[in-house]
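These are the structures, in structure tokens.
Look at the two complexes coming up: chain A is in both, with chain B in one and chain C in the other.
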Partner chain A sequence: MRTRSIAATGLGFQLFRHAVLGLGAFLMLAPFVIMISVSLKPSGEIFAPEFTLLPKQWHAWQNYADAFTKQPLARYILNGFIVTGSIFACQLLTALPCAYALAKLRWRGRETMFMLVLLGLLIPPQVTAIPLYILLWQVGLLNTYAAIILPSTISVFGIFLMRQFFLTVPDDLINAARLDGLGEFAIVWRIMMPTAMPAVIAFGVLSLVWNWNEFFWPLIVVQSEHLATPPLGVVFFANAEAGTNYGPLMAAATAITAPLVIAFLAAQRWFIDGVTMTAVK
Partner chain B sequence: MSDLALAAPTRLDHRAHARAGETAEQLAAWVLAGPAFALIWILLLGPTVAVFVLSFTDWTFGMPEIAWAGLENYREMAGDAVFWKTLRNTLTYVAFVVPLSVFLGLGAAILIEAGESLRGFYRAAFFLPVVSTLLAMALVFQFAFHPTVGAINRTLALVGIPTTDWLKNPDTALFALGVIGIWQAIGLSMVLFIAGLKAIPKDLYEAAAVDGADGPFERFRRVTWPMLGPAMLFVVTITAIRAFQVFDTVQVLTDGGPNKATNVLLFQMYQEGFSFLRSAYAAALTVVFLGFVLLVTVIQVRLQERNTHYG
Partner chain C sequence: MAGISLRNIRKSFKDAQILHGVSLDIADGEFLTLVGPSGCGKTTLLRIIAGLETQDSGDVLIGDRMVDDLPPKARDVAMVFQSYALYPYMTVAENIALPLEMRRLSALQRLPLAGRFMPGARAARAGIDRDVKAVADGLGIGHLAARKPAQLSGGQRQRVALARAMVRRPKAFLMDEPLSNLDAKMRVQARTEISELHRSLGATFVYVTHDQAEAMTMSDRVAVMMGGHLLQVAPPQVIYDDPQDLAVATFIGTPEINTLPGRIGADGRVEVIGTPWPVTVEGQPGAEVTVAIRPEALMVTRGAASDAIALVGTIRHVEMLGAETLVHVVASPLTRPLVTRIEPSAAAALKKGDPVALSTDPRRVLVFGKDGKRIAVRQSTPALTPAARGVTVHV
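Entry: the complex of A and B
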């Protein structure tokens, strides 16, 4: 009796589930479809009265060639890798040792340090923009890679996340390493980091997504085209094209969105787990 | 007896050894945490204190002189109609984006977890906007909002709903930006709710079934909804904080317009601080912005404490 009722509501419910989720997925994906579709079309078809998914006359090569030649798009993407890579390297270098000291060592100042980390978590990054801008101006670093990278060299979120993970590592593992003659520094990099690889990857994914997409800070400190990160580069592009030349603009948007989207599709689980970890507070 | 006699000296020895080890541990800890400690102060907490201090001065960027201005910046703010409009816009944006992102994310999470088929596809589709570059996607939305050839107006016209130039109409521009904000926020709340759903013990549903709560609606009302409380609180907090940070779409699509209709706190701060170089006034705006973000956190902590009392 009961199984039958579940099966009966089951079919209707499953249809309902697919109808609602299908519509939702369509709306979520539509902007990506429009972006790619427009990036393949000549401008005549873009402004045509009826919308078609695929172009009648393929213009993909011209649009993408325009995107990469009218503006140094490849350079923007390279800058994206330079900036996100440097930032993540710095964040790991500063966060892992600190997280280890917080999780596994007994020292005076540990509580204070942890309080500072929690306090840091409360502060949105935009709050520090004006003083940091003044600081960089005084040391003459405005409009450099360093200006983009420096404020992000510390991640209190990374420290917090890694500390939580390190707490679960058994002390015996560390004591054994000490008996083997490993110093504390070696323990961080040769024992703790490999053990905490899932957390390191999750942190890396979040850091990459955040810093690749970050627009506010690069907009403030970068004026030169050759230093622009991908989002900033697209704005330069949009301004230069005055917002009418949609074909190449969408080609540029596709090109700078592609690295993260491809990485996401290839390693979905890590992305979703990484974001979910932010909830494990 | 002899065991004890033998053990005593070793224990003492061990303690002396431990004391030397403790000093070494203290030192190692400071060496390991030192760089982070310094950077947190230089790049995070120091500048936050500096913003407060700066907001009580009259400094303009690049000027050789700086003087105390007391509450002058805040007084100017309170008397400025643009500031009040900005504040209203920001709160309207948050009030529009947060409930819709949270409930659509919750609905998606429940429906996705309610069946096996296409689960991975739906999760990926809803999550994709979270990882995509908002700025690039904002330009796509600009095209989609295009008054004549945009997909949105074409679809609405098809159904017979009146259309407008959404981003240029002062009555709709803020909500058009809100739609982009919701589109990007749903995936985040969805994955957080999925994590929350997975944490609900299965036997609770069985217990509810024994009590006669059989239908999907009853199960939701009596088990899922109450058990999702902590996840809900967290999702609302994180979505609200993110909504207060809205900037990218404003900067690239509307420039705060038309007629200041989309001027929000961070955008106002950016303009005052980095276009007009009025650093002190922009610092005061930053303090207001930080105040709202902290208020959200305080409310979260309060509610969390209340919940744990009952839980």
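Entry: the complex of A and C
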């Protein structure tokens, strides 16, 4: 199909298409390129009138050393892993059985329940922020990891994504498992989850990106610096450095962006499979 | 090993009734085939036996035990699915081992990683591996143990599905069109293999297919289903020679049985195109009937029609199939050609457009009422027909 489309379209269209895609890629990548570029430069060069991609005088070591020593950046990144990892584990524990029940089991009220899940997708997190805050205050969990993790343990998006994927799993696979002696929960973990691995990975990447970058909620429930997630850490960093020292700041930004980029690149192949919805080929 | 009994099974989906009270007794060790056109309810019936669907009313007994309230895994039956339903991310060996793992290992022993160190797990696993290997080798797929289903051919997948069903030695095997995804050549070979498997296991097989060739070649008994009703349950040859319903007669047999419109005359003889045939039936005189004759029961005679000849016509088409020849004859005033199956040597001189006469042995004429049910023939004595007196009867 690809060879046919190349043969069928002219060189002019090819150039145009690449130009449009190139422009899009440039607009997306430019902030990241500038971030990395700045993280390598001494402060004198950052505001120099002429912009250069690479620094004249390499200052990378100093910037990154500052980023990791002046603030506990490593701690923030560790917090990021603890929080996003726990959230994703909890989301899987809830989303997979829910999605299975919504996609493959027959029960009264299933469609209504699915409508509620869809409605849940429409509610912005800020709406529930104050009740959740009060709840956490009442159970005495404010300023803990649990305060950041608990409100995100159920992902309606995850339920929705996994349900859509589970719909493509043939019913006979589940029937075969039932005859082979698997219970419904065993079917979820032993049959559905491995079959839906591309979707699990896609959901994992999306969940990781979303919760790693989440700023609003950790800012509200966490005061202690040692609990700060990476975005909070960058803000602490900016405050501590009075917001002028852009070299180390951008080094810190690069350091906290890197895990996301690495995670995405590692999962890219499955990510595409996962969002294009094919369970059993 | 166990027999299976179905008692008045009914099932509806939404407003559509799929099964209208099906009762059937399947003997221990029997190979019974449920055959019928798609949508006749045969797969639903199989799934009710397996416990994957719940009947609206009626009982299922497996080995004299009522299983209506038992989940599929407690019924101790194995199923081979049309799609084979192999777990795509597991190897062949893991696919075959799963039913044994679920039965022989405790929940703790099944845990990933840690389960290996639970007491008794090692011995149980070794036993499972041994049984898996024995079954896989028996089916000639032992060398594929480490492959994933996606790397296998259709025939290999079908064997893996069979192996997964066999490995736990179930009371009965339920097979839902297991050969329909194979190419024609493989299918013929697999037919023999499944028959041999049935003989060597001695287990009860319930086999669902829409392919009458599979039904006829493999079964001890065939159950023909149409529109949610069980029309006839009998050995293959009886289904073919002695169908009790017109739908059964037309569904089974290739080419299809010839049907002619007729009515019962005042003397009880069947009249076809106004001519009384030497076939006397029990029925209301004047009632409309359908007369059916298998293609091989019709004989073609060349030449002009005599007075005794009831059906004369012209050849529309001669189909040479090698071992046999099919001659299509249009007998006016009928428009649909009648098909006869004859020896190639007898057909050598026949060609399109030839005028011919069709004759048959009256004992091979089947008569069906307007409701499709078979009407008993009281008398079709060839002794009284012109044939017995030395004249060929041409019906």
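As a working rule, the second predicted complex is superposed on the first by the 233 of 281 C-alpha atoms of A that agree within 3 Å, B and C clash if a C-alpha of one lies under 4 Å from a C-alpha of the other, contacts with A are read in each partner's own complex, and residues count from 1 in each chain.
As a convention for this text, a residue touches a chain if its C-beta (ideal position, glycine included) is under 8 Å from a C-beta of that chain, and two chains touch if they have at least 3 such contacts.
Remember, it's a predicted structure, so these values are computed and weren't measured experimentally.
Colleague: Just to be sure I read the superposition right, which of the two partners does A:T195 touch: chain B = first, chain C = second, or both, or neither?
Modeller: A:T195 contacts chain C only, not chain B.
Colleague: Of the two partners chain B and chain C, indicate the one touching more residues belonging to chain A.
Modeller: Residues of chain A touched, chain B against chain C: more for B.
Colleague: Where on chain A do chain B and chain C both make contact?
Modeller: On chain A, the overlap between the chain B and chain C contacts is residues 281.
Colleague: Provide the residue numbers of chain B that touch chain A in the complex, in ascending order.
Modeller: Interface residues on the chain B side: 22, 25-26, 28-33, 35-37, 39-41, 43-48, 50-51, 54, 61, 104, 107-108, 111-112, 114-115, 117-118, 120-137, 139-144, 149, 151, 154, 183, 186-188, 191-192, 194-196, 214-216, 231, 234, 238, 241, 244-245, 247-248, 251-252, 266, 269-270, 273-274, 279, 282-283, 286, 289-290, 293-294, 297.
Colleague: Where on chain C does chain A make contact in their complex?
Modeller: Of all residues in chain C, those touching chain A are 47, 50-52, 71-73, 77-79, 81-83, 85-90, 98-99, 102-103, 150, 164.
Colleague: If you look only at chain A, which of its residues touch chain C in the complex?
Modeller: Contact set of chain A toward chain C: 170, 172-173, 175-182, 186, 191, 194-195, 197, 280-281.
Colleague: What residues of chain A sit close enough to touch chain B in their complex?
Modeller: It is residues 2, 9, 13-14, 17-18, 20-21, 24-25, 27-32, 34-35, 38, 46-49, 51, 93-95, 97-98, 100-102, 105-110, 113, 116-117, 119-120, 122-124, 126-135, 137, 150-151, 153-154, 156, 159, 183-185, 188, 209, 212-213, 215-216, 219-220, 230-231, 234-235, 238, 243, 246, 249-250, 252-254, 256-257, 260-261, 264-265, 268, 271-272, 275-276, 278-279, 281 of chain A that touch chain B.
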